[in-house]
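Presented below are the structures under discussion, each in the form of structure tokens.
Each of the two complexes below includes subunit A, the first together with subunit B, the second together with subunit C.
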Partner chain A sequence: MTALAYGVAAWLLVVGIAGVVTSRNLIHLVVCMSVVQASTYVLLLGIGYRSGAKAPVFADIPTGTRVVDPVVQALTLTDVVVEATVIALLLAIAVQAHKRFGTLDPDRLGAIRG
Partner chain B sequence: MDLAPLALVVPLLAAAALAAVASHVRRAVADVVTVLAAAASTVLCALLLADAGSGTVVEWFGGWEPRDGVAIGISFAVDEIGAALAVFVAVLATAAAIFSSRYLEADEPYLHVLLLVFLAGMLGFCLAGDVFTMFVFFELMSVAAFALAGYKIDQSEAIEGSLNFAITNTIGSFLLLSGIALTYGRTGALNLAQIGEALATQPADGLVVVAFALIASGFLVKAAIVPFHFWLADAYAVALTPACLLFGGAMSELGLYGVGRTYFAAFSAAFESHQAELRAVLIGVGALTAVVGAVMCVQQDHLKRMLAFATVAYMGVFLIGMGTLSAEGVAGTAVYVLGDGCAKAGLFACVGIVQHRCRGISELRLRGRGRDLAGTAALFALGGLLLASLPPFGTFLGKSMLGAALRAEGYGWAIAVIVLASVLTGAAVLRAAGRVFGGWGARPEHPPATEEEGAEREVERGAAARTPAVMWVPAVLLIAGGVAAGVWPGLADAALGAAEAFTDRAGYSAAVLEGAAVAPPPAHASSPPWFDYLIGVGSAACALGVAALALFAPRPRSRAAAELGAVVSRCGAGLRALHSGRIGDYVAWLLAGFTALGGLFGLALT
Partner chain C sequence: MSRRARFVLFAISAVGAAGLLAWAFAGLPEFGDYQGRYGRIVAASAVPDRSATEAVAVTVFDYRALDTLGEEFILFVSVFGVLALLRIHRGERERGRAVGEGRRGPGPSESLRLAGRLLVAPVLLLGIYIVSHGHLTPGGGFQGGVVLGTAMFLLFLSAGYLAFKRVRPVSVVEAVEAGGAAGFALIGVGGLLLGAVFLENFISPGKSGLLTGGTIPLSNAAVGLEVAGALIMILSEFLDQRLLVRERSR
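Moving on, here comes the complex of A and B:
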């Protein structure tokens, strides 16, 4: 199970970056960024996963029960919040680029060289 | 009173208050609030630095102190290097806040809000004691920086520069977070000291090397190390001048601080037996960065882009310094960062004044248009000499300390690279000063197209017959700071003491996990030997010579000279062509750089 999670995380990282490199559309590019980001979620949760364990809420289960690691879940949540900000900002810039250039193709923005 | 959190809370609260009342507050009030908040933050950081002098200050939020070497809580762990960097950042932010007072005509103070949030993010990053807190503040400062770079959203250059900046740096953050996740998976810890203790028990294996490669690559994207550096010039060229003060003075240096902090506090014990190999990799990459940055710098016509590539060159120099992995090297780097950061921030402020007065940013098109600006011309030339590290300026002291550390580790050749970087960057700035303020040099046959002139429009319209004090005062103070850093008594000793604490993993760990902070013993840095003065004067003279050659050289007579010139300019053009402005290229370079760096670390560390 864990090996599969790491494989998925690595795959999402590679395929997301490949998407960013080859993208011809800024919205598509931003979605590719969120694919790369998803790899960090899978990696974090994969690291904290324990097979057959419960959610780490001890309100209705006896202490000492086998639970998954709550720290990585907190990290993932923080990661979601932080990166949502970045994605929102990127989308805002993409909208502005469309207004300004009339295109979403990053190759046709071209104001800066050398 | 807990100083460490307060230094962040002040700018964050001020930013929140300004954002809340944005449309109801007078512009002048917003200006004053911003300057006061940044200045208050500076004072708090300076008090914190004084506290850190008697041992690392550790602040556990909510009282979650470590038990039996296990740290669950979130902490700030402030040593002298971290606190000094925080003071430096806060000083630059204050200068930027003063500079921006008269800057834009817009009534709503969103620039101020972003500056303050940016400041808080950078301070939190300097003070954080665990890797995830570092990541969060790293992201906070990054997002604010993306917005600052793209602030003039109606200009096409600003949109493109900000996009390139945001996408490359965010992918860097993902690499960083993956590295943090793997480190947590191995050690079960996020606190730097606890990670260090866990990794010290056994030699590093593949997983630890991969984790370190991910973390280092993430930080080095921000530090603009070749080949992660492409975004930097695009972003700096379009950013507003107040933001440029912080970008050019401190932001990239913080990326390098992240590498140093995680290495020395967490990974150094695990890589103890492979230090020599790691040193070779870091110094090699630093030398490559310094050369690429310097060669690109002299080729630029856009003044802000020129200073941006000077930043890249100096990041290479600082990586060489950090790469010595010794206290002496870190101390030299710290002094160099202070001198060079003041110089570059001051130069950016001068460029802002030139933009304000002459409505231009292209060196060739500005030729002779700055003749009336005698004061700015003097500052600009002084900044160029600072970059060329003329004795006894701060950059000279840093270079001399760095040179001694490199000789001690057997990397004397790297000194030549540092000299080359300072000569070329200094020459570029001096050439620009001669052309803009003196009207020297041949009249350009083909003045560059107006594609980058858009940046001029950032300054308000209307007559600019004189330079407002809020512009020249920060510029004078920053350049003076760069000069004074070299003659400040005791600075070298203090830097060495701070660097010894910074590189001492066991001491850091004891301070954080056991609360056993001890004051670092007084250190004595040796004063620069006579030949360093010779090198310093020589490199300043070379910079002047190269600048004069660029301005006054006649057309080459002999065939060989003409051919040599053609080959040189073709190589330069080839390097420039790589900086294509395309996001896809930049991300591909980033991935290639990560793979190469990971491979080199794999070879060096296992």
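Moving on, here comes the complex of A and C:
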């Protein structure tokens, strides 16, 4: 159990990178990047976990209850927002690449002309 | 670089990276036994100091608000990035609206129309709920803003592109987005004027009920508007590309 959360993070990282390297479609490549980034969420949340602890929301549990770390959860929120913006920009670039070269295969994109 | 050469390069670097990864993971704290001090301090002070029960929201919009301001502006600027990348290029023309509408093919089915229309109001309400209770229960400006933006796209799915365009005048959405971003920065200036430092929580946290947490609900509302505006701008820019822009003539 101990290694499982970190193992999942490592697995997502490796699978995502493998997908990026073997990708034959820019949209697929962007989705693989998001899988790589998902590994960072799992890693952050896994690090902040305390065994037997509750979520850090005191709406229905008394103050002072043992909770998991709220700071890494806030960092994960930042991570998610940044991922959303990166993906929006990458997809916009993919749209323009398709317009210019008529293909989404990274191997068939020509050199970028000004 | 050929595909084969790229795989060979990847295989070599992957072995090195796997070694580094194993080394890094070996140094991680034991799972379930995190000893970080800040998290414990934040969790212990959220309720007594801020009357807000959501320790993550207290971290994001109060103790770590400066980072969140930067994060919010990343989103704000990325909207301009998408607008700049997807602007109408030389050699492209905007299709007539009628043509764009025709290209959509057959309209939405009756069931999609009905389901979309029935869902718009509840989803809007859910978004407002998530934004306004961000300091009490899980949720907040970022999450609720996405739900609010989604309500607009339900409208697109059920009523079609033209109705969506009418309800979404670009200038209004731009104003909402910019207003949300400016609102958060102004709350920070308020801390400078009425408190001591930028982004200080200068409103008394109160005791109980919806309006606790000082500036946290205000920041949540500002971020909610900004995120909803940004989402609508980015997604409708992609829709415009699909429906309105004519392919470059070759």
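By definition in this document, the second predicted complex is superposed on the first by the 108 of 114 C-alpha atoms of A that agree within 3 Å, B and C clash if a C-alpha of one lies under 4 Å from a C-alpha of the other, contacts with A are read in each partner's own complex, and residues count from 1 in each chain.
The definition used in the following text is that a contact is a pair of C-beta atoms (placed from the backbone, for glycine too) under 8 Å apart; a residue touches a chain by one contact, two chains touch by 3 or more.
What you are looking at is a predicted structure, and each value in this text was computed from that prediction instead of being measured.
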{"item": "Partner chain(s) touched by A:L44 [first = subunit B, second = subunit C, both, neither]", "value": "first"}
{"item": "Partner chain in contact with A:L26 - subunit B first, subunit C second, else both or neither", "value": "first"}
{"item": "Which superposed partner A:V82 touches (first subunit B, second subunit C, both, neither)", "value": "both"}
{"item": "Contacts of A:R108 with subunit B and subunit C, given as first, second, both or neither", "value": "neither"}
{"item": "Touching partner for A:P70 - first (subunit B), second (subunit C), both, neither", "value": "second"}
{"item": "Partner chain in contact with A:Q96 - subunit B first, subunit C second, else both or neither", "value": "both"}
{"item": "Which of subunit B and subunit C A:V36 touches, first, second, both or neither", "value": "first"}
{"item": "Touched partner set for A:A5, first subunit B, second subunit C, both or neither", "value": "second"}
{"item": "Which superposed partner A:K54 touches (first subunit B, second subunit C, both, neither)", "value": "neither"}
{"item": "Touching both subunit C and subunit B, counted on subunit A across the two superposed complexes", "value": "13, 17, 21-22, 47, 71-72, 78, 82, 85-86, 89, 93, 96, 100, 107"}
{"item": "Residues of subunit A touching subunit B in the complex", "value": "9, 13, 17, 20-23, 26, 29, 33, 36-37, 39-40, 43-44, 47, 71-72, 75, 78-79, 82-83, 85-86, 89-90, 93-94, 96-97, 100-101, 106-107, 109-114"}
{"item": "Interfacial residue positions of subunit A with respect to subunit C in the complex", "value": "1-6, 10, 13-14, 17, 21-22, 46-52, 55-59, 63-64, 67-74, 77-78, 80-82, 84-86, 88-89, 91-93, 95-96, 99-100, 107"}
{"item": "Complex interface listing, subunit C residues touching subunit A", "value": "3, 6-7, 10, 14, 18, 21, 25, 28-34, 36, 38-40, 42-44, 46-48, 53-56, 58-60, 64, 67-68, 71, 74-75, 78, 81-82, 85-86, 89, 92, 136-138, 142, 234, 237-238, 241, 247-248"}
{"item": "Subunit A contact footprint on subunit B (complex, rising order)", "value": "132, 136, 139-140, 142-143, 146-147, 150, 153-154, 156-157, 159-164, 166-167, 170-171, 173-174, 177-178, 181-182, 184-185, 190, 234, 237-238, 299, 451-452, 454, 576-577, 579-584, 587-588, 591"}
